[in-house]
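Multiple structures follow.
Across the two complexes that follow, subunit A remains constant while its partner is subunit B and subsequently subunit C.
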Partner chain A sequence: MSQITDAYRGLKLGERWDHAPKPVRWFVMLLVVAFAFYLPYLNILPFAYIRTDLTSSGSDWASVLFLIVVYMIVAVGLNVVIGLAGLLDLGYVGFYALGAYSIALFGSTNSPVVEAMQSKFGLSEEWAVPFVVCIPIAITMSLIAGVFLGAPTLRLRGDYLAIVTLGFGEIIRITARNLDGVTNGAAGITQVPVPPGPESDGRAFFNTIDAERWYWLALAILILIIFLARRLENSRVGRAWLAIREDEDAASVMGVAGFKFKLWAFAIGATLGGLAGLLFGSKQQYVEPNAFMVQLSFLFVAMVVIGGSGNIYGALTGAFLLTYLPERFRDLVDWRPFAFGVALVLVMILRPQGLVPSRRRAREFDDRREEAKEAAADV
Partner chain B sequence: MSEQTHAESSTDTDVVLEDTSNHDQIAIETSGEVGEVLLELDHVTLRFGGVVALNDVNFQIRRGEILGLIGPNGAGKTTAFNAMTGVYTPTEGAIRFKGKEIAGIKPHTINHLGIARTFQNIRLFPEMSAMENVMVGCDARHKTSVVGVLFRTYRVRPSEEELPESGIRRSLAKVFGISRHTLEERAGRRRSMELLRFVGIADRAHELARNLPYGYQRRLEIARALATEPELICLDEPAAGFNPAEKEDLMGLIRRIRDLGHTVLVIEHDMKLVLGVTDRIVVLEFGQKIAEGSPEEVARNPKVIAAYLGEPDDAA
Partner chain C sequence: MDFDALISGLDRHTLDGITRGSIYALVALGYTMVYGVMKLINFAHSEVFMVGTWTVLGVYTVLGVTAGAGIGMVIAATLLALLAAMLASAGTALAVERIAYRPLRKKGAPPLIFLITGIGCSLVLVEIFGQVLRVVFGRPFGRVTVNIPSVLETKTVFTIPGLDLAVSNTRILIIVGAIVMMLALDTFVNKSRLGRGVRAVAQDADTASLMGVNRERVIMLVFVLGGAMAGVAALLYTVQYDITKFDIGFIIGLKAFTAAVLGGIGNLRGALVGGLFLGIVEVYASAIWDSSWTNVYAFVVLVVILMFRPTGLLGESLGKARA
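Our next item is the complex of A and B:
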């Protein structure tokens, strides 16, 4: 036993994790997941202090948890784009909006699209596209949007890509606001459908009151997504992304189809963004253009960057902190933008690779620092 | 990833090139006949603005040979490599590989057709381990798609030795097959290890490429290029910066690469060295081919002697 602990001492946390026996890892993961599912009911002091609804002005704890998980899905998706493929996407909110609008446009009886379908095919006023059909629609729409945006722009490098994607996010929002006949414009769409489930007391299973159900649903989806994302990382796809990030020209001479893999990263990111948007819109049961301002894109990027891009757990941490902290300290609402700014600057100065960086990424940052120092010394 | 120990890693200076690899696992299958034209530069001209880096260059590489490409600094040797591997498109002329025009085709497509290369200034993936670098090369021949990776949809009926040993997994694999992804990853790891052994750097397989000594990095580049199973491998000054003993080793390695079934094109500055290992030599100067022939013919050629006279033999 002491031999084992000796061997572990001096290893970084991540390495310790890698060296732990498989049953131990499974057990720890199971505990973490169980705890995550239990979180809405957390009421034992002192742990209960992490709840956000301790004061009367606080926000509903389960709803906050739900939002955290939705943003975690966003962060995992954006991490594929920024962290793994190395593409700076500043318009991620566009995909998030597309997901939310897809389910609203096709699933809500309030949507002009559904109304048009009703009159065209002589359907009843109650009819709308069922929720389960809306999911593939939303996923397909965001996927297609990802490919359409990516195909012409991924040949651009660095800053240009950032600017084009930034524009994309705004275009989606402005289109949603101005196309009155399709999206109800600024008024938004109400009666966005919720997932099917057994009704009780005349209320749907997924309703506005029992937010923990939404949280559990989102959490289950998140776990599935993390599982799939890890598969990607440890495969020829993950290696291709890494190779592209490190030396795109050398990678292409070694047979890595750079454009193809970048487009895949973009499409995967878009899909996850759309899925998160779908969950968000469905829980709100209301979708409006103002929910998808450009600031949200920056928040998403900040999650990945502060957490540590290239590392799923970093992105999850970033999403958690940037969603949870503002909700927990809602009383200090006037200080929020200030605190956010200070936190960002501090992280960038003290730990530019992010709070929980990928090991490779951390070294890439160190290298660049060294280079900058050498360059400065040369002058 | 693996239980490989790093106990007997050698020091930076005495690199021992010992081939302990299993050649059956890394030899490639070739489709053509030895001696047929594999790659052909047909009146290739390549200009960078005013600079004519290649001027109406013609030569052929035949299957199974080791062809040397030599010439003074700035002669256009690297540019010829870049044109052949799709990095640059010739301004004029054609490049044909196995009879197919490849000028203007994307580098990764050319790699899939069967040309790989190393770089004069080492360009490994520094944050990947030696093994992972070679795996990227192996991936070039693998087929698993993104969907296949995510959902393991493409199942393969495994052969007896690929089946897992333990009971339940074994029966599951028998019924559902094994995903192509899993099999390819396994095969890639095995092949990568063999290739690292082949070039003599397997003792540091799990170290990051950036932490490897210079000589190891050069050899790792060769292993990575070989991993893409190229019919033609182009080595751009693979012995640059080596001492004479290491150079001698490397020439042996080049011969063994040919014995695996690859055709080799090698750029080398050191005349003596190149004469010893190549079957034929093409000499470039100022972007033009000034000589071509057997090492003896080239060594006697007055133009070549003139080109190399006064050229400091820095061998770098």
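Our next item is the complex of A and C:
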């Protein structure tokens, strides 16, 4: 026993974690997950102060938790694009919107697309594409959009990619707003379907009142995605992304097909964005174009970068902070964007590697800082 | 699809496009110069423009001029507004450089971080006019569109014979003003000693500093020049559209950046060509199809150009400029 404690002494938290025996790690992770599932019912003082519904004007705590988890899925997806492959995507909201609109367009009895299908195939007024079928549709749509957008633009330089993706996000929103005959335009689509489940008290299992069920669903999906993303990061593909990010020329000399892997990153990111959008649209049961402004893209990027790009836990932290804090301090809603801007500048200047950087990334930053110092000394 | 609308009003649409494009081109200069020297998209540049429009409003309010003032007053007020807008915009650009970019440059942060602080600065500037100043001073600040007195009343100066196209004084001011400023800037960068420094840094920053060019000073100069041009654009914009708003910069900035890329980013003349081209394409496309898609046309043009000619129409060359 003392040997183990001796070995632990002087280690940083992250290193201790790495050195801990596997059962201990599993146990701690289980505890964290269990606590996350318990969060909606958190009522023990003083911890209950983190709840957002302490005042009457506060937002529903479980709904806030749901939104945090949806944005966490977004952050994990965007982390693949920005953090792992090093591609700046400023149009991520486009994929998010595509996911939400896919389920709305195909799943809602209120959508022009479904109405057209009803009259074409002589189906009843209540018919719509079932929820489970909408999931692959949404994923396929965002995947296709990702490849479609990525194929011509990923050959370009990084900054051009930023601006083209920014444009893409706007195009999706403007299209959704203007194509009245397909998307109902600015009015949006109501009656977006919810996941199937046993009915109780005449209400669907996933309804607007019991928000914690949505939260649990999203959380389960998030945990699955984190698991998959971790596997991906440590795979051949993950190493290829890393090589591309650090030096694309060197990577291609070593036989890493830069374009192919960048396209992969883009497509995977798009898929996760679409999935998050699907969850969001389904919970809201209403989808309208103004929910997908460009500013949301900036928020997504900020989550990843403030948290620490390249590190899943960093991205999760960023998503949590940037979603939770504005909801917790809702009374200051008018000051939200201002505080956001100030925080962006301050955090990036004081800690450009992000709050929870990946160790590898942190080392890259140290190297760059040294180089900058040397360059300054040379002059 | 309504090609008749385009053909029948071709002369009018072209004039509209050139007017719009001139403003894009002036704002694009700021993007293109900063990019040429630092390889950085200055996201806060759109807000530098926005600050300029508010300054124009401020000058008019302080002077108390309104529509229908005497000719001497109009000229004086416009010139003063121009000067103030240039100063305010240049100051804002310089402040952004100091606060958001310089500390990062010292740390050798990767390009992505510069973009994030740029976005942060842009948000802060927008919110200063949309929220902070509203709380302190009340109206006209806030999240609403504000009218700016049309000090220079629109009058038809001459009609182009044969086309029956009326050309107004405001349009002449905008087009001539933009072209004069661009020529002045082009001459400055290509002929003056300071301009040679700018080109040297754009070409090869390390070698330039060995030759005694102060890189930091060149960067400051570039921000000041770009900001001043955005200030000119701000005045011309208010002359044409008579409004401002806290988030007016976003779309203009996006278009101006598109224009800069179109012409070949880093290339001053490219900014002019790209701006005019984009302005005309937008107006034509809006006439043929529908004006609610205007922003989509701009991006489609951008993507198409980037696919077939990634270096823009004239190529990227602040450094390789004709010496």
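Details
As a working rule, the second predicted complex is superposed on the first by the 371 of 379 C-alpha atoms of A that agree within 3 Å, B and C clash if a C-alpha of one lies under 4 Å from a C-alpha of the other, contacts with A are read in each partner's own complex, and residues count from 1 in each chain.
Here, contacts are C-beta pairs under 8 Å (C-beta built on N, C-alpha and C of every residue); 3 or more make two chains touch, one makes a residue touch a chain.
Small disclaimer: the values here were computed from a predicted structure and weren't measured.
With both complexes brought onto subunit A, simultaneous placement of subunit B and subunit C is permitted, the two fitting side by side without a clash.
Contacts of A:I349 after superposition: subunit C is touched, whereas subunit B is not reached.
Touch criterion not met for A:R230: it reaches neither subunit B nor subunit C. For the three-chain arrangement built by superposition, the Cα-centre angle with subunit A at its corner and subunit B and subunit C at its ends equals 90°, in steps of 10. Of the two partner chains placed by superposition, only subunit C is touched by A:Y160; subunit B is not. By the touch criterion stated above, A:R203 is placed in contact with neither subunit B nor subunit C. With both complexes superposed, C is the one of subunit B and subunit C in contact with more subunit A residues. Taking every C-alpha atom of subunit B against every C-alpha atom of subunit C, the smallest gap after superposition is 15 Å. Common to the subunit B and subunit C interfaces on subunit A is no residue. Against subunit C, in their complex, subunit A makes its touches with residues 82, 86, 88, 152-153, 155-160, 162-164, 166-168, 170-171, 174-175, 177-178, 294, 298, 301-302, 305, 309, 334-335, 337-338, 340-345, 348-349, 352, 365, 368-369, 371-373, 375-376, 379. Within the complex, the subunit A residues that touch subunit B are 228, 231-232, 235-237, 239-240, 242-243, 246-247, 249-258, 264, 268, 360, 363-364. Across the complex, subunit C meets subunit A through its residues 35, 39-41, 99-100, 103-113, 115-117, 119-124, 126-128, 130-132, 209, 215, 250, 254, 257-258, 261, 290, 292-293, 295-296, 298-300, 302-303, 306-307, 310.
Partner subunit A is touched in their complex by these residues of subunit B: 85-87, 106-108, 111-112, 116-117, 119, 123-128, 132, 135-137, 139-142, 144, 146, 149-150, 181, 184-185, 188, 224-225, 228.
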